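Chain IDs A, B and C follow the sequence of writing; residue 1 opens each chain.
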Amino acid sequence: MKLLLGLLFPTEGEITILGKPASDVSKNEWIGYLPEESYLYRFLNAEETLDFYGRLFDMSPQQRKERSNQLIELVGLQNARKRQLKEYSKGMTRRIGLAQALINNPDLILLDEPTSGLDPLGSRDMKDLIVKLKNEGKTVVMCSHLLADVQDVCDRIAILYAGELKELGRVEDLLKEQNETELLTSKLSPAAVADVEAALAKHNAKLIRHGHPTNSLEDLFLKTVQKSQERPGQRYVPTASEKS
Amino acid sequence: MIEQLTLQQRKLAYLIGIVLLMLPVILFGIPATGEEGSGGKLARLRQEHDLGESTLGKVDPTSATMNLVLLGMRGVAVNLLRMQLDEEKDQKQWAQMRATTESVILLQPHYIQVWRYLGWNLAYNVSAEWDAVEDRYFWVKEGTKFLMQGSERNNRDPEVYWDTGNTLGKKIGRSDEWKHFRKFFKVDPDTERYKGGPDSEINQAGNDNYLVAKDWFQKANDADEKRAQHIMMDVLFRSYPARSQLDYADALHREGQFDETARKAWDGAYHDWVEVFGQMRFQTGDCEIFLEMPAFENAMDQTMAASGVTRDKLEREINLYQNVSNYRYWRAKSHAEKHVNTAAVHRDLYEGEQLFKVNELDAAQESLESGLKGYKVLLDSYKDLTVDDSAIEEGLWAIMIWQKIYQLRNQVQPPEEEIPLRSLWDKEIHRVPNLQQDFNRKYGPS
Amino acid sequence: MTFDRDPFALLTGLRDWLLVFGGFVGIIFSATILVALGIYGTSGPVAVMSRVWQGLHDFTHLSPKRIWAISRLTILEAWRRKALWVFAVFAFLMMFAGWFLDSELRVDMQVKNAVSFALTTVLWLTIPVLLLLSCWGIPEDIRVRSLHTVVTKPVRRNEIVMGRILGFSAVSATIVAIMGVVGYVWVLRQVPEDHQPRLSGWNRLCLAVGLLPNISIEADPKNDLPAIDVSAKKFCRMPVYGTLEFVDREGAIATKGINTGDIWEFRSYIEGGTKASARYKFAVNDPVDQLKLESRFEAFRTHKGRIGQSLLVRYVLVNPTKSLRVPLPSFEIKEFSLNEQFINREVSYYDEDLKDTRTVDLFKDLVYFDEDEKLKRNVLQIEVQCLDSGQYLGMARTDFFIRLPDRSFLMGYFKAVFGIWLLTVFIVSIGVTASTFVKGPVATMLTFSVLIVGQGFRDFMIKLVTGEQKGGGPIESWYRLVTHMNDTLALPDTVGVQIMQGIDKVLLSGLWLTQHLIPDLSSFVMSPYVANGFDVPWGMAMFRSLAMTIGYLIPCVLIGYYSLTLRELEAK
C-alpha cells in the first residue's frame, strides 16, 4: 500500500495507480488514504483537521465547511468536533482518520488496518462504514490482519506472504468448500429433514450435519501460509486432488 | 501495612512525613533577621564564622541571581565579558564598555582586585582618552562612583575604601587638570543637572575633594582595624587621613588662599598629623611604637622594659618609621603653617609672582623681598623643612622671579650678594638649572 | 562602529548569484546524469530527466492555497506548542534590564545602550525559538507519520517546504513585531524626555515616540518668547559619506595618515600645525541653502597643551580647478560627540591675497567636476586641518559627513527590527531545508553552525584562507602546537612538511568554499546604525539583506524539494 502511495520506492518494476505512476502527486486527487497509526496533527481539533486536509485539495471554504460537517456526522464525532485530537480515544482517532481520507470524495480508498485496536462496537461501525462506501460505488482497498473483519466486508482478497502474492480472488470463491455442498433452507421439521435425507440417499449422498457453515478466512489464510512454507516462492493453487 | 491503607490515608501519611522532615530543615535554616544571634542554627553558624555573603558587604540581588543562573559557568562568562571589555575599550565604545564593566562586576561582586582595576580603568584610562576637561571629569566621577559601589558591596575590605579616597584626593587634586577638577568637584560642569552644585553622589555637602577623600581614608582605616590591608606598609596606609588634611591645606596655598580658612586647615593638619597619626601604635618586629614616642620619655622606658630592646634600637626603629612616612617634615611644616605670620610669608611670595605676571614690578619686588625675608626666618626655625623639595623649590622659585625682575629693571644680572635668602640659593644651587628650565618655559628666557 | 560598507550593487550581485547558482545546478545535474548512466545504463538518464521534468512541472503548478494551508498549520502548531512562551522570557528580561543599564551616562550614550540592548534581546531570543521550530518541524512530522497523510494528498513536496518556511517566517514576524513594539516602548521609557512647556501635547507625543526628529516653535512676540528648536533625544541621522585621502606634513597625497599607536587601526591621524590634512570629497547634486556637516574626530595629544581647551579644527573648502581655497572659522572639537557645523550657500571669508573679505557661492564657485577615476562627478572638497601644533587629529572616512534632514527614530528602529526578521527568515530557510534530509538534532546543529560562523567567524576564516593568519592550516598548526614551534619560525624543507602543507591546502580550499557559501550574517544586524543614531540605509543594509535572504531562499526550496521527493518517507 505504501508503494502504491509513493511512500516507499519499488526496488524494481513499475507501479501505476489510476493510470498514473505512483510517484505522480496528481493521482492523489482521487485517492483517500487512512494510514495505520498516529498520522494526524494532534494539536488540531476535528474541524480544523478536516479543514486543513480540505485546503490541501484546493477546496473552497464553502465546500470545506459542508464536507467537514457531512463527514463528522458520517463518522459520528459531532460531540467531539472542537476537541483537540490528543484527547481522542483510539476509536475516535480512527474515525476522524477515515473522515480525512474521504474529504475529497475519493474514488479509491486505501485503508491500512482500519479496524486494528478497535473495540468490537467500534470495529462494527468501521465495517459498516466501509460497506456503506462500497455501496456508494467506491473502490475500497484495505489491508488487515483481522481476518474476520476482512471476511465480513471484502469482496476480493489477496494474500501476501513473504513479499509475494499467494492468493487472489473473490472471497466467496476462495472460501467455497469444493467437496461439500451447503444448503440453506427455512426451518425444517424433523420429518422434512428425514425426507431430505432420503432424497440424498437416492443420489448416493449423505447429510453430514445440519447447521451453519463453518469454513472461515482464517482457515484459508493458515492453509495458504502452510502450503507456501512447504513450497516457497510459488503461488498456492489447490491441487486436483484437493479440488475433487 | 501501607497496602492496607486507603488512598486518603496514604496521602495523609505522606503529608505528616513531609511536615516532620520539614521541621529540622526549618529549625536549621531560618534566615537571620540581621540581629546578632537571630535565625536558625545555620544562620548563626554562618554569622559566627563570617561565612554568609552578606558579611562581605551589601548583597546585590541581581548579582546573586546571575551567579545562580550561570551555574558553574561564571568563569567562562567573565572571561568572555573581559575580552569584550577590552575590545570595546580598544574601539572606544565607552558607553558599551561602561555597561560591560557593570556586567563583569555583577559576576564578581566580591573580587577586590576586579573592583580596584576596573575603577582605576574608568577614572584614569578612560578619562584620559577624552579631550574635553569636563568629559575627563565625568569619567573620574564614574570611576569614583564605581569604587564607592565596590566598597559598599565589600564593606569589610579596607582597600577599596582606600582606592576611593585616593581617586578623590589624588586624581582630582593632583592631575594636570587639578585646577579644573577641584572646581568641578564643588560646582559640577553639568550645571543643568546639578543646578550649579556638586554631584551629590560623590560630594553630598559640597566639600573640598581632599576632605571628602579624608573621610574615605578614615573608613579604610576603620576597616583595616578588623581586616588588614595588603597594599602598603601599615604606617603609610594609616597616615592617609592626616595626609589628606595636609593635602587640603597645601592645595589652598597652591590656589593662593592664605586666609584664616587656610590657617585653620593647617591647624587641623597639625592636629591630625601629630596628635592622631603620631599617636597611632604600630607593631615593629620587636615592639610596639608610635611616631611621637621620643617626646614621651616614660613611654620609651615602658616599651624598653616590656620588650627588652635597647634605647638605641628603639630609636632606630622609630626613626625608620618616621622616615618612611616623612613624618618630621610634615610635622614641622604643619606646625609652621598654622601660625598667622607663616601664611603672610607665603602670601607675600604668591602675590609677588602674581604681581610680576601683571608687570607690577615694583610692588612685586617689594612683596618678594618681604616674603623671602620671612621665609628665611621660617627655614631657620624649622630645620626639618630644609630637606623637603617643595619647601626648597618654593624659595628658589621666588628668588628666580626676584632675579628676573632685577634683570628687567637694571638690564644686568643681580650681583650675588644682593640675592635675598642667599644661604638657600648657595646651598641648593645644584637644583637651579632644572628649575630654571621650567621658569624659562613659563616666563621666557632671561 | 563602522558604517563603511560599499553600496549594494544589485546587478553585480544578481549576476554573481546566477553564476554560482547556475554553476551548482549544472554540476549537480551533470554529475547525476553521469552516475545514473554508470549504474543503470541508458535508462538511468531517462529516469533523471523525468524527475527533472516532474520537478519543473511541480514548480509551475504551485497552489498558493495549499502552501498557505501548510503555513497555517505551522503557525497553529507553534501557537499550540507554546512556542510563544518566549515572550515571557522577553518580558522578564525587559523588566530587569534597567538594572544593568547606567542611567548616569550622557543621554545619547544611554540611548545607545538601551537601543542595542532591546534589539540584541529581540534577536537572540527569537533566533533559538525559530531555529528549534524550523529544524524539528518536518523530522517530527516524518517520525509520527503525520507527513504521510499530507503527502498522500495532492500536495507537491515543494509546497510543503515553502509552506513550512512561510509559516515559520510568519511566526517569527509575529514574535519579532510584538517584541519590537514592546522593546520600542521600553527604549522610550529608558530615556528621559524633554518637558518643553511650550510644546503641545501632540507635538510632545511625536517627539517622544520618535515620529518627528525635531519641532520648531515660532517666536511669540506677545509674550516675548524666542523661537526654539526642540529636537527629540532619539533620531536617525541621514549621512552622506564622501571619499577620503590624506595629505602628509610635506603636502604629499597619502592613503593613510599617521598611526599614533592606537591598537584599533580604524582611524588615521594628521599632525596639527603642518600641511597635513584630511581631504574629503562629497558627491553633490542639487544646491541647497545650507549644508550641515557633522564630524566625530578624535584628538591625540603629545603634550597637554592648553588645559580646558580642546583641539582647534578648521575646514577649508577647496576648488582646485579655480585654485580657490576658502577657510571656514575654526572650532574646538568635542570628542566622542557630534560636532555640527553649517555652511551657508553664500560663504564669506578673509582672502589672504586680496587682504579683504570675499564672498563666494558654495555651488557655483566651489563645487567642481572631479576627474578622479573613482569619482567622475561633481564634488565638494573639504580639507580638515588641525591648528594646534604638536597635536594630532584622527579620522576615518565615516567620521565626517554631510547630514541630511534627520529621519524619525521610529522608522530607523523598525528597519532594524525588519533586519532581525530577515535574519530569522534566513535561518528558517536553512533550518527547514536541513530538516528535509537530516533529523532534528543534526539539522539544528547544522543551522546553528551556519549562524555562528556567519555571525562571528567569517573574519577569522577569511584570514585563514588568504594566509593572513599566521601558523598555517589545521595540520601545520597542530604540528607547531605539539612541537612548541613559534609561528614565526620557518618549517624545515622536508617531504613530510610538503605533504602536511599539501593536505592543509586541500583542507583550506574546503574552507574557502565554506566561507563563500556562508553569508556574512552580520549585515542583517542593523542595530548598530540605530543605536549610534543613524538611519538604516536602504541600499547598503536593507536591500543587501533582502537580496541575501532571497538569494538563499531559492536554492533552499530547491534542495528541500528534491530531498523530500527523493526520500522514502516510510524508511526511517
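Observations on the structure shown:
Convention: a residue touches a chain if its C-beta (ideal position, glycine included) is under 8 Å from a C-beta of that chain, and two chains touch if they have at least 3 such contacts.
Keep in mind that this is a model prediction, so the values were computed, not measured.
Ranked by distance of CA centroids from chain A, the top chain is B. Chain pair with the most C-beta contact pairs: A-C. Distance from the chain A centre to the chain B centre is 95 Å, each centre being the mean of its Cα atoms.
Rounded to whole angstrom, the centroid-to-centroid distance between chain B and chain C, based on C-alpha atoms, equals 47 Å.
Averaged C-alpha coordinates put the centre of chain A at 62 Å from the centre of chain C.
Remark: chain A residues 2, 5-9, 23-26, 28-29, 31, 33, 35, 37-41, 43-44, 48, 52-53, 55-58, 84, 100, 104 touch chain C in the complex. The residues of chain C lying in touch with chain B in their complex are 1, 96, 99-102, 104-106, 109-110, 112-113, 116, 262-264, 266, 298-299, 301, 304, 307-308, 310-311, 333-336.
Per the touch definition, chain C reaches chain A in the complex via residues 54, 58, 63, 65-66, 68-69, 72-73, 76-77, 80-81, 144-146, 148-157, 568-571. Touching chain C in their complex are the following residues of chain B: 62, 90-96, 98-99, 102-103, 106, 129-133, 135, 138, 142, 145, 176-177, 179-180.
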